[in-house]
Structures are given as C-alpha cells and as structure tokens.
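Note that subunit A is present in both complexes that follow, paired respectively with subunit B and with subunit C.
The block that comes next holds the complex of A and B.
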C-alpha cells in the first residue's frame, strides 16, 4: 500500500459505489443489463451455488475476456453487444409447482401455441416421455421424476443438480468442453443460468426418452443453457431436446453448452429439433445460435447426434465426438434447413483417438430464399487410432438461384490403417421429378415437400417417433413458399 | 508485429532488385507487401497445414551457374526447348527452333513493361517473385495455330541457397492448340528455392495443355503459382506430377470467365522420407455452362505429409455448371500424414457439383491374391500403387512425358514394372 495514491482511492471508491448500486437491484428477478463480475456473482448467489461453481464461473469470465469472437465461420451478422444483454431473468411466478394443475394457465396457453403442450404429451404418450420444461431460465415443471428415481436415474434441472448432486456435477462439468474451449463456451461457463442434468447409473437402460424444451420468453434475454448428460458404464439413454421461440424484433443470443459423457460400454443418443425464430422475410430479427456441443466416448461406447435445424437467423453449431476409448462409435445425422436470410454454419468433428473407432457423418443441407447453408466438418485420425473408419456424406439441395450451399470438410489422417471416405454433392431438385409428381396430380408445393422428406429420410429415420413427426411438419413449414 | 515483419523479409534480404523491366507500380506494391506481410503461419487458413518456418530461416541468393548437360532433364524430344539454370537462360543448352505461328520471347530481351495478373497484396511469394524477378519467358501461340510438338521449358537449380524467381507468361490465342511441358529439377547444392509463377490466358476456342513435372532435391523448397484465365469455349488441362522436393506448394487458380469452357486439373504426388507436398487449387466458375474436373491422387510414405485443398466456387447466376473434384490418398507408413480439404462454395442452384475424398491403404487381400499368383510382396504392392496412380497417369496424352515419369518412378521408387 506504499504507493496508494489519491487517484487509486478515487477509483476504488468508484467501483465500490457501483457494487452497492447493484445490491439494491439484486432483489429483483431480473439482473441489470451488462456483464461483469458482479453480475456473475449475482447469478451465482441467486442460484445459491457453492463456492467452487462461482470460482468456475469467474475463471471462465477471465478466460472469456481474453478471447475474441471467432470470425472464421461462413456467416455475416452484426455482432451482439455483450453489455446490452440481460444475463438473468426469472419468470415472475417463481415458486415451484408440485403438480401439473398448479401451473399458471397463461403459461399453459403459451405452451399450447408452441405445439408442445405438456398435458397433451402426457395424454398421448402415457408415461413414455418425461419433460423438463425450461421457461426462461427457471425450471417450471418436472414430471415422471418418481419413475426415474426408482431406477436411480437423475434427471433434473442443472441448478437442482448443483444443489442435490454437487459431487457428480463437479466431477463431470467442464471435462468435455473446458472453459477455455472457445469464446461462446467461455461465456456460457461464466453466465449460464440453467439447463438439464442427467445421470444414468451403471448398467441401467433408461426406459423412456428424456426430453427438455427450451424457449426464450422475455425480450432481450440471452439464454445460456448448460446440459450435462453422464451415462455410466454399460448404460443407455436417449435424450431429446427441442426449441421453439416466439417472434422477436431484436436479435437474441443463445449460447448453450452441451456435454455428453459416455463411459465404457455406454450409449447416448441425443436428438435435437431446433426451431428458434429465424427472423422475418427481410432478415430482420431472429436468434443467434452459437452452441458448443461435444461428447466423449469411453471404451466400447457410442454417442449419436441427430439434429433437425430449421430456425435461427445465424447458426454456429458443431456437435462433436471425441472417440477416446477403443472400439467407440460416433455418429452425426443432421438436416439443416435455411430460408429467407438465414445463415447456418454447421457440421461435426470426429476426433479418433482410440483403436478401431468408427464414425459416420450424414449431413443434409437445404437452402432456400437468400439463405446460406454451410457444412463444416473435421475428421481427425490420430497416430494411435489404428483401424479407424469414417464415412461422411454431405449433400446440399438448392431451392432458389439466390441461396448458397457450401461444404468445408477437413480431413486429417496420421495413421496408415485408417479408412476415410468423404463425399459431397450439391444440386437442385430435378425438374423431371417435380414434373412426374405433378403429372400424378400432386401440386408443386406438395411435390417439393415429398422430395425433400425423401431426401432427409436417412436422418429423420434416426429420430425417435415423437420427434420424427414434428420434424417432418417443421420441414414443410420452413420451406413454405420457397419454391424457386 | 514489428518483430514478425522483420522476420518476414529475411529470406529475400540478400537479393538484388530485379533487373527486368517490371512495371514500377508493381514493384512498389510488391515491396510494400514484402515489408509489411509476415511469413504466413499455420494460423493462416491458406497455410494451415504447411509450415514455412524453414524458408524464413534461410537467406537466399541468386547466382548464375552452368550445368554440363541437359540430357538427364529432357522430358520430351522437342526442337523448341528452353533451359533455365537458376532462372537464367542458358543459350547453349537450349534449342530455339520456334514452330510457325509461335513467338517465344525472353523477359530479359523484352522492351516493354512487364505487368502481372497475380495478386501482389499480402501474397508474400508473388511479391518476392515480382520484386526480385530473375528471368522469364513469354510464349504466344497465335490464332488458329496448331502446334504439333510441345514447347518445353526446363528449370534447373544449382548451388547452395539459390532462389529462382521465374515468370512464365503463356497466351494461347483464338482457335489455337498447343501443349507445354514444364520440368523443375535441381542439381547439386543444398536448400534451394524455386519460386515460379505461370500466367496463362486461354482465349476463345483455344486448347492448351500443360504437363508439369517437379523433381527437385529433398531439401529444396518449391512454390508454384498458376494464374489461369479462360475465355469462352476454351479447354485447359494441367497435369502436375510431384515426384521429389522438400516443401512443395502448388497454387492453381483457374478463372473461368467465358461460357462453355472445360477445365481439367490432374495431379499425382508420390512422397517419401520427410517430404511435404501441398496442392491448393481454386476453380472459379463465374459464368454459366462450364465444366471442371479435378483428380488428385497421392501415395504417402515414411514421414512425409500430403496436403490437398481444392476449392470450387460457383458464382451467382453461373447456372448449369458441372464441377467434380476427387482426391484419393494411400498411406504406406504409420508416420505419414494426409490433410485433405475439398471445398465447395456454391451460389447458384442449377448445378451439379460433387467432391469426394478417400484415405486408405492397400488392400491386404488384393496383395495376398497377387502373391498367391507368384508376385513378390514388393512387386505386388508396386503393382497396386501403380494401378492407383495410373488413373492420373492415363490423363497424360504425351507418351514421352509418361515415359519420363516412369523413368523417375523406377529410379526413385525402385519400380520395376
């Protein structure tokens, strides 16, 4: 303190005042706009988090400050102002619901509009689907918990997991996507509000599809979800994630992190249907979706990613598999549809580290309107990954003469026993195919829907039943009026 | 940044400015780039897989040298053969019988200013070539001329730390048909650097084939840039064979500016020891109704590294484009590496574009089959490798070029087929 000057004192006082200024706001359920350490402390305090998690957040924040936003993706957009985002918002009704009947009828109505109504699901699927509904950062309703409990399966919101199973969360969080991973992963690690946590104990086969619906509700709120799925040795789980968002004028940021851990002999199937608001016909508004999804495989394990992407103004998403254990398998099935001014830069990374590892990549891109759809993938065979096998197929379908379809595969091989195949095609729907359908009395619009569904079949077949139907509907809605 | 910039120009520091009549504005641009652009690192997407640190460390110079005979380097028997040693024209070894309808001018004998179609901004090696141009040749095939035997250009590097900054300018005028054979060799001497630029303009309805053989020493550097402009109804073929060299980089940039064009890009690379070969190609379809075919195949052995980066652009409104790209690799050793990056950027819808990339090894069952029929292990493998590479070799029309390549394969890879 020998060099403590007046200037420094003034500075200290300034920052102190700032701090106190905040405390008064802390009582509200919405954090003020902006991002700094105080906001992170606020979120952490709000969630009643243990000290280690707060430190984890602060570390991530320090990393984030040292990183710059990536620009290599084939997308163009106005970068979000990170100081103009509210990092925490809880719905006004913050009490937990004991049963479905307690839920605010207004909220039920919104869900109905989204076509994902819980009670409808409950009625239709009996007890087959457990839904953990996330409405603006706070988990509202959790069902089928008892049944899962019997088997020892933990399926709850991330914040609950932090309270109830801190040892599991601490042991696995950040092991697949470290805080230093990339700009958005670091941001998420610093400010994530909630998400889902799933743990399947040794040798248990989860009897139902686990699903979570994400939705952005309040305007100007960025949502930073964190999902962690841990499948212990010899277990199996199929996890569904679906997103819908209502119309918004300003761009909203969504930077989620999903971590999958498949231990020896385990299998995780992760399916996503993503339908964030893509912006209007002139490219105004829409969600920015910058997601880091990654899974790690132990010996004899398998991770399978299936995604149907129809929404978001800008998508930047690469669900990846680290095939660390011998004989592990990674799969990636994707349909990405872009329309109007949407931009998508999506693909996968398959990192082969173990022996006899296999990966399959099937990517189907559909571009319409003035959109741009890119596949960017990496297949990396490391030196010790002998007998590795990869098959990649990336097809692009162009619907109009103003859209673009791009393919950027990276293939890196350092082992001579590896077999890698990559194939990509780009073309439009054959006029003869449409002609044939029309001849048989099918309208042009319907014909295109038919052809597109056939084109995507390989991927749609991978989806669980509940999603496959929804996905098919989504495809036709997304491509409505895009006949070129 | 200043530190990096200092490192940059190191390898050109000892070089004298060009004595050729390169246009002043180009020299200024080039000098600016040399002073301000750092040596590309692997963080630069275009150089992601090729490390240039080794080049940055050497202080290159350009000296004149003589070689005893041209016989070992003669690819084809042609009366029109130009020989350049370290980038300087060798009159005694060359044979300047120019076919009718063809003009061949040495850039050193040219009275007019030398312009350029290559990008000088931020392109360090193009800038080096321009600012320190050693020699060059301009070949013009006049309209409606069919040249029977190919025009041969042979480059030999001799001496230590020698750099040759060479420029070839080829103009195939309307309705002409011709073939050019380029050979790059080195004799004695360590750590040489061949920095070559070929500017090609294929005019309406012209037909041009370039066969390029790269066979330099294992510690040499070779950077080759081809800037090609194709006008309507033209047909352009380039066959690149990389058979030896330390760090080899081929930049092929084909601009298809006219309709109904055909472009063929073929390449084969056979690597061993610590070689590093990087084939970069860009085919830019700017107008409708064109076709391009790309086929690159590589056999990678020992500690060598192969890189393939092929890019196809189809610009908006460039409808009815058929663009095909194929890259096949065989890895023969556990320390061999291949990085393949075939890319498509398509902005038009009525197109047929595809690319494929494979990496694998020789089929053990096929080897067993051949051995069961009395072939030795070695010849069985050779037979399979030759069949694999054969697809590319078959694209070469000139028998003499093929024989020459086979000669090298026998010599360097012990082929006895």
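The block that comes next holds the complex of A and C.
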C-alpha cells in the first residue's frame, strides 16, 4: 500500500522543477552594468524622453542614494549589488510590430511555452482581453487598441504614454507613490524602463479586461516596471497582470511601482497572478520581488486588489489603498504560496482618511517546504475618518512541519467611531480531508488541489473568470508531481 | 463480492481485529452489530484503507482482487464505498465539484471519458431526490455547515452518485431522528440491486426496521461471534449484549 503523506508531498514539492524555466535567444541592446547618472541619462536618451522626465529620474536617484535598504520585513537574503545589475536591455528589433503576424516567431514560441500565446488568450477569453506584452524592457505588442480608442481609453506601454500623452503622465506619475516613498520606489523612479499606462475617461466603463504579461528575459537584467492606471470620474476598469520568469542561477531583482488613481465615483479592480522563478529546491537563485503598489480613492470610489502569489524567492509587497474620499472603499484579496526556501512578506495598508470609508482584507497564506510566509498589514484610521469600517481575515495553511506562517497586523485608530474587526486562523492540511477524498476515488494530488483551491476560494472568486482558471492552474502547478 | 478471512489489525500497539471472518455476496445486506469497542468502525476503516491501521494477518478478497494490496483511492474506484460515521467538511469545495472530480477519476480508472456537464447535472437532480436532499446543498461546500442529518443524507447521496459495488455504512444511524433515519434507509433500499451489496454497521436495532438485513453478525472483541437472520437483531435489542458474552464464557 502506498504510504503517501504530507512529508512526501513536501519532498515532491521541493523536487518539482520550475515549469517555465527556459530562456529565449534574443540579441539585446544592453546598457553596461552599474548605476550612476550616466546610466540614467542613457536610459532616458534611449527612450527619447522629455527633459522633465529625465529630471524626475535624476531627483529620484539623488533620493535613493540617501536611503538605506529596509530591513524590517521578515525575510532574509543577500542584498543585491546594485552596481552589478544591467539597468537597460531591449530586444533588438528593426520596427514595431503592426500585427501579430509580424511578431518574431521565437518570441511567439516563448509566449506559447508560457501558455499565453495570443491564440490561446483569444480562445480562452473570447478575444475579450487586450494584451500588452512587456518582453524585457520594451513593449513589443499591443492589441485591441482600436476598439479601446473608440471609447477614448488609452492602454499602452509606459514609454508610448510618455511620448503620446505626456501631460497625463506628468500630472499623475508619482502622486500616489512619491520618489521619496521608499528605497525600492526611489530606485524604480530613477531607472524604470517600461511598463503600462492606462487611462479611462470620465464615465466610461472599460468593456474588457486589460491584461499585461510581464516576463524577465535577459539574464542579470533587473526589471523596473512602472504602471500607472488613471480612472477618471465615474469610470470603471479591470486590470490584469500576470508574471512568469525563466530559470536563473543568480538572483534577479525586480522593483516595480504600480500607481492607481480612482477619481470620484470611479472603480479600479487590479488583479495579479505572479509566478516568478522561486529558486531551486536548495533556495538558490530566484527572483527578488520588491514591489510598491498603491492606489488612491476619491469620493465614492473603490479600489480592489486581488493577488495570487506563487513565485519569487523573496517577496516584499503591500498593495495598499489610501481612502481619501468620503465613502470610498478599499479591498485586498490575497493568496500567497511559499515553498522550499521561498520567503514572502506581503499584506496591505488601508489608510482611512475620509468619512464612511470601508476596507476589507482577506489574506490566505499557504506554506510548504521550509518556507516562511508572513502577512503584514496596517489599518490606519485617521481622526477625521468617522464611521470607518475595516474587516480583516488572515488565514494560514501549513503543509509541513518545517515551514512558518507569521501574522503582523498593525492597527492605528484615531477616531472612536471606527469599527475594526480582525480574524486569524492557522491550520494544517487535514489528513481526514485527504482520506475522505481518497475514499471517493480522488487521487492524493487532486485531493490536495481541491482542498487548497477550496481554501483560497474567497480570493479566487474575486478574479475575473479567465484569470481564475489560470490562477487555479498555477496553484496546481505549485503542487504538481505531488504523487510519487 | 468480499471475502474476509482471519483478519487481524491493530492501531499503534493495540490489536483490535483478532481473526475476523466474513463473506458477503452480491445482492445481500449484512448488518454488523456489537457493543462499543468491539472493532466495528475499525473494520470499516481497515476495509477502506485508512493508514492508521495496520493489518498484521489475514486476507481480504474483493471481487477476485486482493483488497489489501490496493491504495485507498483504488479501492474506491473498484467500487468500495464507505459512508463515514463522521463526514468530513471541506470548506470552499462544492459538493458538485467534489463529486464530479470523484466520478471522473472513477471513469478514468475504467477507461471512460469524463462525464458531460449535462449528464452530471441530470444525475445530481435524480439522486438528490432519492435522499430528499435539498438541491441547494449539492452546490454548497462539502458538509460545511450541514446539520448532522444533512451530513448523513449527503453520504447516501454520494453513494447514489458513485454507484459502488459494496457500500459500508458506518453507524449511519447515529445522531439521526426518526424522519432522517427513514429517509436515509429508503435511499439505501432504493439503491439495492442484485449486483451490489451493503454492510450496515450499527449499534442499535432501530435502523434494521428500515433496512432489512439478510444476515446479522455480532462483532465482539475483534471477531464475529454469532451470525443469524434479522431476528437476531431483535433479540439483541431485547436482551442487550451480555447474554452473548455469557454464552461465549460458557463455551470456554
């Protein structure tokens, strides 16, 4: 009789190879390694940026030099050598692609391996998802532009936005995450190469999910994306971001900045599925993911963050909401899976400034192997935020005896009319549940998949349908090969 | 259907089954009764393949196959079903998703294609009516927030959906009021065919008013010590188990 136990599952998980570990052979147009003003000028010149943006970068660089890398997170890693990183790499291409037929076959192949070819996207989604790929640092394809154009929606790479809509970029960039915000945000502000920009005009409901797939492709190239989503008054947008990365020996740094601006009466739904290379079973290699994500809400507006995090060696990420306008709503739904030696310190900040503001936090952590999974959250009620409400629920599921789950909830309340609720549970995956499934004919592997997906259901339900399918796939990939 | 010979099993260091013999043929219903601690639930767990129990001696032939060599899920796929005494809750996993996964695993095992959504839903409607299970419960999370009676009815609903060869009902009557008991029993009776068999494990005779057994066995101290017809159940109800113990003592 097979004696498949959680210990064995843990072992299987450890030995599971990273599914998307391959690289494609593009020639790169690379900057020399290192970081200084010349490099920043090089990036800015390469991207043919206006003077104000170069100055913005240089200011951010000056700020960054004055800051030290934060150490308060519950993670341990060797700090990157910032002078040993290439800050700019662009796939060589003679022209921008006009249609998918023109796209480099090898690039298509890469996307196919990732399971995100446009064909599949179109089939999966009924052509309802506009995809903007960020291949290394330069966007190579943007689709559905015409359809969005009709509605006045702008969805393009950040570089294009700088060229085509400089006034919009200049008015909003850095207003939610200032260059002085933190070490990684300052670094990003100085050296960001590309990313996505999205603007939804007043009263427009974006009719499709906007989707961007990021992929780190050049060995040793740090990626510094910049995403800016502006939803003008009374508008709505659902934005999807998904990430995978190829296998690497050295650690790769990723320090993105995402800014969301929901003006009065607007709603932004921002969903992320993240599956960057987590390092091998000994904890070697893997992506460092130090991300600053924040949104600001006007009156009667809403920002909802949903994330499914399965990758990266080290994750440092706190998608947050500043509930500035009265009656605004902030939501954070998160599944974070850690395995082997992965470390995640993730959570959210809900800053209640306006009256009658509401926030909901649902965090589900799953720890396997020898990993550490921490929830860190701040709920802050300012003194003018009367009748503020918060509900937080932080659940941890342990797969082995060697992993760790930690919860660091912070609450600061300066208004006595606030109502704050916090619930937390920690549980180990149940032998009884697994036996029950097996007695019905379900294999151990499928049983664990079912149980884990069930555990994450509240979060997965928040994802748009087509993304939820992908997220479930990812969760089962994390558990793949679990039957010996 | 199933032939158990000289079965010995223990949990940790404690021997619980001490040479149990039982043969069940297709088309039969067998009741196993006995006092607390006799090994009734252990027998159910051992047959289902729970790993806490170690079989130290004996054999179990299930439809020509060596049951003890099979994994838990393989036994299930070959048609062995256990209605749990304490059904397990699986939060966030809907009953229908759970059952569809199970059915497709069984079909795959038999080399069949997955069931279509249409056929599956038709089956859910038909089988849930059988145990008067509210269709809403079918879409709720597995056993989560179900009352005791709903959980037991859900077990029989699952049994109906999976259409097993051999069903083992482990104290399915415990915690049921008389109405729920009747519903559960009706479900079991309707599922009876000449090709399947049922082992009903129970502490009380009550259930056997509704599910009429072909044979009643008394399990005591890890062995079947007495076998009779349904009248044996009535006798046990009337006199308790002490007279069996006395009979046994006298025989020694």
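Observations
Quick note on the criterion: the second predicted complex is superposed on the first by the 446 of 484 C-alpha atoms of A that agree within 3 Å, B and C clash if a C-alpha of one lies under 4 Å from a C-alpha of the other, contacts with A are read in each partner's own complex, and residues count from 1 in each chain.
In this text, a residue touches a chain if its C-beta (ideal position, glycine included) is under 8 Å from a C-beta of that chain, and two chains touch if they have at least 3 such contacts.
On a predicted model such as this, the values are computed, not experimentally measured, just so you know.
Upon superposition of the two complexes on subunit A, no clash is found between subunit B and subunit C, which fit side by side. In the superposed pair of complexes, A:148 makes contact with neither subunit B nor subunit C. Within the superposed three-chain model, A:457 lies in touch with subunit C and out of touch with subunit B [touch as defined at top]. In the superposed model, B is the one of subunit B and subunit C that contacts more residues of subunit A.
Of the two partner chains placed around the shared chain by superposition, neither subunit B nor subunit C is touched by A:291.
By the touch criterion stated above, A:428 is placed in contact with subunit B alone, subunit C being left untouched. When both complexes are overlaid on chain A, the residue A:444 reaches subunit C alone and has no touch with subunit B. In the superposition on chain A, contact of A:400 is made with subunit B only, not with subunit C. Between subunit B and subunit C the least C-alpha distance in the superposed model amounts to 17 Å. Residue ranges on subunit B touching subunit A, taken from their complex, read 45, 49, 316-317, 319, 329, 331-361.
Residues of subunit A touching subunit B in their complex: 72, 74, 381, 383, 396, 398-428, 484. By the touch criterion stated above, subunit C contacts subunit A in their complex at residues 48-51, 68-73, 75-77, 81-82, 84, 87-93, 97-99, 101-102, 105-106, 109, 141, 158, 162.
Residues of subunit A that touch subunit C in their complex: 1-3, 430, 432-433, 435-444, 446, 450-451, 453-458.
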